[in-house]
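Take a look at the structures listed below.
Below are two complexes that have chain A in common, paired first with chain B and then with chain C.
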Partner chain A sequence: MAKTWHKYGWLYLIVGFIFMAFVFVLSLCMGQYHLSFSEVINALFNGDNGETANNIIWKLRLPRLLSACFIGVALAVAGIIYQNTFQNELASPDIIGVSSGASVGIAWGILIGLPLIAISFLGFVLGVLAMGLTLFIARLFKNKSMTILIISGVLVSGFMGAVVSLIKSMADADTQLPNIVFWLLGSFASVTMEQTIIIMIVVSICVTFLYCISGKILNNIALGEEQARSKGVNYKLWRIIILGFATILTALSVSIAGVIGWVGLVIPHIARLLAGHTTQKSIPLAILFGGSFMMICDTLARTLTTSEIPVGAITGFFGIILFIAILTFKKGQKYGID
Partner chain B sequence: MELTDKEDNNCLIKIENLSFEYHKGEPVLQDINLEINENTINVFLGLNGCGKTTLIKLIAGLQRQTNGTILLNNKPIKEYSDTARSKYIAYVPQNTNNNMAFTVEEFLLLSFTNQRNLLWQPTTDDLNKVKHFIKNLDIDEDKLQKKMCELSGGERQIVIIAGALLQDAKIIILDEPTASLDMKNQYAVLHFLKKCQKENDKTIIFTCHDPNHALRLGGDTIAIHNGKILFKGQSRDIIKAKNLKKIYGESVIDSKYSQYNIITLEDF
Partner chain C sequence: MKLTKGVEMKNKVVISIICVVVVIGASIGLYLGLRNTNDKPVNSVTITDMVGDTVTVKKNASKVAVLARSAVDMLVAFGLGEKVDGVYYTVLNNEWAKTIYPHSENYFAYDYDTTVETYLARGVDLVIAPEKYIADNLREHGITAFTVSQYGTPNYDDSVFAFAEIIKKIWEGNEIKTKINEWENEFTAIKDEIILKLATIQTTQSLYYVRGDKNKGIRYTENSEKTIQNTIAKYLKLNYVSKDFTSSEPTAEVLLSTNPDYIFVGGAFQNTIINNIRTDSIWSGLSAVTNDKIFNIGVGFVMFEQNGVELSIYLADMANKIYPDKFNFDITQMLKDSMQKYFGKTISDNDATNMLNGKKANGENLA
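And then the complex of A and B:
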C-alpha cells in the first residue's frame, strides 16, 4: 500500500481528513441527549447562545471531544517518534517508561490530597523524569544498541508499576483508591475546558515542530548514529530534542486523561502501512488516524452503556484487533515485521 | 605542459601520533602517522581485526581518538560540527544488514541532508537529481521504489555507496565496499570510485581484503599490522609477494596456498 503513495498520497490525506471531520460531527451528535446533524452544525457556528443543543455541545461534548482528538494525535505522533528513534516497531509511549512514571505522579498526588492541577503537574513531571531514567539506565550498559533502550524502558515501567501498587495499597479504600484506579484507567469524562485549551496549544506546537524537522532530522535519526552523523545530523543533540518532545506529548496526555494504551503502538503501524517509513508522510496520517481513532473510542466509552467505560479499555480492545489485522495484512507482503 | 606531481596535491588529512583503545591497556592502534592527499585513492590492507575499520572510522570523525591528532584541512577533526564535517567526508559502513525500511528513493534523497536547511522536505528537483545520478551506477529506475530491506545484500551495498557519492563530499570513506558484491558489481564499484577520483576530484579511502583491487586502482596502499602501520606508499611498490607475506602471514604466498593466488598488475 505504501507503494501507491506516489500516486494516491493526496487522496489518502483528503479521505483521512474527511473521515476525521465526519467522526467529529457524528460524535457530537451522539449521547444520552441525541442531537441531529443540523443542530450540531448550527451550534458549532452560532456559539454558546443559551439554547439547549448549543449548551450541550459547547459545555459538555466539545471540550471532551477536542481533548480526545488532540490526545489521540499526541499519542500517535509520540509513537511515530519513539518507533523511528529506537529503530524498533514495538516501541511505544506505553513501554518506554513515560506512562508508568506519570501514573506514579498521579497516584501519589491523589494519595497526598493535592488539588487537580497539582496532580496533573506531578504526573507530567514524573513522566518526563521516568523517560530520563530510562535513558540514564540505558547509558549504564556499555552496549549501545537500541534493544538496550527498550529493555531499560521495560525495567523502568515495571518499577514504576510496582510503586503504583504500593501507593494503591496505602490509599484510603473508600475515597482515594477508586479515584486512583479510575484515573489510571483513562478517561476524558472529567477533562475541563482549561485543560483542553492547554492540550490543544501544546500538542499543536509540538506536532508542528516535529513535522517541520521530519524531512531533514527525523528520517536521518532512523538510520542510526553512524549514518546520521555521516549525513551531517548532530545525532546526540537531535535525539534528545525529539525524545523530549515525544515525552512531553505523552506525559501531558497521561497526566490529564490517564493511561490510554495501544494508540501510540498501533496507529503508527497503520500510518506507515499506507505512507511508508519517511516521517513527513507518516506523521500527517498518524495525526488523522490517531485523532479519529481516539474520538471514536471516547464516543463509544460514553455511549455504549449508561455509565462511563474507561476509554483505555476500548482502545485496548480495538487497538489489539487492529494490530492483528495489520500483521495479517503484512504477512502477505514480501517483507517481515517492517 | 605542467606535470602535476603527487606531492603538489593538497594534504587533506594529516594524522599524527594517533593511538586508540576501547579499553585501557588494550591498544587497538598505535603510533599512526599518515597523510592523505587530495584526489588520491588510498587503500588499507591488513588482517581481520588489525584495526583497519577503527582507523577509518577515526579518520571519518565517527570515533574519538585516545591520543594524537587528526587534522582535516588543517583543523582538528573534533572541532568540526557534524554538518560541516559531512561536507568533507561521507562514510559507507560495512554492515548493511540493518533492516532499513526506507525505499531506495527515500534513502538516496537523504544524501542531500547537509546541503539543505532545517525545514527541508525532498522536492521533485531533488528526485530528478537522484534519478540522473543512479544512471551512472547502473541502478535501474524501477529499483527506486523497492524497500532497502527487500534488496539483496550486494544491491543494498551499491545503493548505500551511491548515497555516499551523492552526498557530494570531498572524501569518501568506505569499509570493505566490495565485500558482498558479485564480480560485475565489484568492478562497477571500483570503476566508479576511480572515475570519481579522476573526474570529480574525490579522495577515496577504503579498506579492502583483496590486494588485486588496490593494484587495479593504483593510488596508495597502507598496510596495517597489529595496530601499527607496516608499509605505506604507492600500491605498485607496496604490493609485492614479500610484503604480502609480512601483512597476511607466510602461508598466504608460499606452499599450499600459492596456487590460489592470482596477483597481476594490469592497467584498469
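And then the complex of A and C:
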C-alpha cells in the first residue's frame, strides 16, 4: 500500500487534512451542553451569545480540543521517532521511561496538594529526568546497542512504577487516590487555555524540527550506527538530539493529560502503511491522523456520559481494534519491514 | 513527487515556517479571545474558603452542586435545601437522607469527575468541592467553586464553624443566620462544658477512629492531625493515635502496637466492622476490645463525625461513652430536637436509637 504514495501522496494529505478539520468542527459542536452550530460560531467570533456559551467554547471545548489535537500529534510523531530510532516497530513513547517518570511527578504533585500548573511542571521535569536516568544506566553497561537502551528504559519504567505504587498507597483513598488514578489513565478535563497555548507552541517547534530533519538524518539513524556513519551522519549526536525532542513531546503530553496509550504505537503504523518508512512522508500523515484520532477519543470521553471517561481507556479500546486491523492487513508481509 | 534534495529541503523549511507562524498567530488569537471571556460578577460576595482560596461567589446562589458530603447537611439544616441541585452520589445511597429530607430524592447524583459541561447544562451557579484541586479545575473553566475541607490548617480547632460562617456571607435571611448562630452556640456550650469538666484530667488514654464509609475493616482511618477527629479527641483529653500514621490504612502490627483504649467506628459499614473486630482473634488483645470500648458513631443525613449540625451530638455522645461518670447528656432527646429544629422532621425514640447505632429505620445495618 505504501507504494501508492507516489500516486496518491498528496491525496492522502488533502483527505487527511479535510477529515481533521471536519472532526475539529464537529467536536466543537458536541457536548453535554447543547449549542447549535450558529451559537458556536457566534461564541467564537462575536462573543455575543451570553456568558455560558462563551465559557463553554473558550474555556472548555476549545482548549480541550486543541490540546487533544496537539497531544495526539505529539504522541504520534514521538512514536514514529522512537520506532525509527530503536529500529523496533513495537516501540512507543513510553519505552525509555518518560511516561512513567512523568507519572511519578503527577502522583507526587497530587499527593502534596500542588496546584494544577505545578503538577504538570513537576510531571514534565521528572519525565525528562527519567529519560536522563535511562541514558545514564545504559552507559553503565558500556554497550552501545539499542537493546541495552530499551532494557534501561524498562528498568527505569519499573522503578518509576514502583514509586507511583508507593505514592498511591500514601494517598487519601477518597480524594487523592481517585484523582491520581484518573489522571494517570489520561484526561483533558483539567486543561486550560494557557496550558493549551504552551502545548501548541512547544509541539509545533518540536514537530517542525523533526520534520525538517526527517529526510537524510532520521532515515539514516533508522539504519543503525554503521550505515548512518557511512552516510556522513553523526550518529551519537543526532540520536541524542532526536530522542531529546521526542522526550519533550512525550513528557509534555503526559504532564498535561496523563498517560495515553496506543496513540504512539498505532498511528505510526497507519502512517507507514500509507507512506512507507521514509519519515518525510510518514510524519505529515502521523500529524493528521494522530490529531484526528485524539480529538475523536476526547470528544467521546466527555460526551458519552455525564462523568468524564478516562481518554486512555478510549484510545486503548480503539487502538487495539486498529492494531488488529493493521496486523490483519499486513498478513503475509514480513512484519515491520517493507 | 520525486524532488531533488535541495528543492525538497527548501519546501520543508517553507512549509514548517508557515506552520509555526500559523500556530503562534493562533495562540495569540486564543489568548486574546480568552481574555474577552473574563466575566465581571454581578451582585456577588467574596469569601475565603477552607483552604485559603479567595473566591467571588454569586450572592444567594440558587443552584448549588454539593460534592463535599458534610456541606449538604448544613445547607439543608439551615434552610437552603431547595437551593441544592445535586450532591455527591454516596449521600443519596443513605436511606436516612430521603427519610429526613424527602426533597433530596430530586437531587442529581454528582461525582468528582462529573464533566464541567454537565454543571453548565444544569445551570449550576456554585459548586462546593471537598478538595482544592476540584474547585481549582472548575474555576479554571468558568464555574464558581470553593472548597469545604475535612481538614483544617494547622488543625481543625478553628475550622468547625468555617463553613457555617461562609453560608452566612453567601445567603441572606434572618432565619438562616438565626439557625446558624443557635447551632454554633449549642456546639460551643457542649464543648465548653466538656472542657471545663475535664480540665483536671491528664491525657493518658488514646482514641482510634475507623472510617466505615467503605468496608475496609478496622485498618481504615483518618491519619492527620488536621482532621476533625483530632480536634474532638483533644476536647475529650484523648490522644488521637491515627494522627501519627503515615497512611490512612495502617498495618495490623502498627495498630496492635498502638493499642488504643477506645475505638469509634463510623459510616454505613460500622456494624459489620465492629462485629469483625470483636470476632477476629487478631484484635482480641487490644485494650478497646478487652474492655469492650468499641462504639458506634451515629448516621443521619450524613455521618455524625463529619462537620454537620449533628457534630455537637457526636461530641456529647462520645463524652457520655468515655466518661460515663462525668457526663449524662440525653443524646436521644438531643437528636430528636435537632431533627425537628433543623430538618423539620419528627422522629421516634426508636429512629433516634437506630441512627445513633448506625442502622436503618427498620433496625438493619445500613450496608
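Definition applied: the second predicted complex is superposed on the first by the 307 of 338 C-alpha atoms of A that agree within 3 Å, B and C clash if a C-alpha of one lies under 4 Å from a C-alpha of the other, contacts with A are read in each partner's own complex, and residues count from 1 in each chain.
Just so it is clear, a contact is a pair of C-beta atoms (placed from the backbone, for glycine too) under 8 Å apart; a residue touches a chain by one contact, two chains touch by 3 or more.
Here the structure is a predicted model, which is why all the values come from computation and not from measurement.
When both complexes are overlaid on chain A, the residue A:T328 reaches neither chain B nor chain C. In the superposed model, A:G215 lies in contact with both chain B and chain C.
Annotation for chain A, partner touching more residues between chain B and chain C: C. Of the two partner chains placed by superposition, only chain C is touched by A:L116; chain B is not. When the two structures are aligned on the shared chain, A:N143 is found in touch with neither chain B nor chain C. By the touch criterion defined above, A:E226 reaches chain B but does not reach chain C. In the overlay built on the shared chain, the residue A:E308 is in contact with chain C alone; chain B does not reach it.
In the superposition on chain A, contact is made by A:G276 with chain B only, not with chain C. Contact with chain C, but none with chain B, is seen for A:I197 once the two complexes are overlaid on the shared chain. Across the superposed pair, chain B and chain C both touch chain A at residues 6, 212, 214-216, 280. For chain B in complex with chain A, the touching residues are 60-62, 81-83, 85-87, 89-91, 93, 98-103, 106, 110-111, 113-114, 116-122, 145, 147, 149-150, 164, 167.
Interface of chain A with chain C (complex): residues 5-6, 9-10, 31-34, 44, 47, 51-52, 54-56, 58-60, 62, 66, 110, 113, 115-116, 169-170, 172-176, 178-179, 182, 187, 189-190, 192-194, 196-197, 200-201, 204-205, 208, 211-212, 214-216, 280, 302, 306-308.
Residues 3, 6, 212-217, 219-220, 222-224, 226-227, 229-235, 272, 276-278, 280, 334-336, 338 of chain A are the ones that touch chain B when the two sit in their complex. Contact residues of chain C toward chain A in the complex are 1-2, 5, 8-9, 12-13, 15-16, 19-20, 23-24, 26-27, 30-31, 33-34, 36-37, 39, 111-118, 120-121, 130-133, 136-137, 140-142, 213-214, 216, 220, 246-249.
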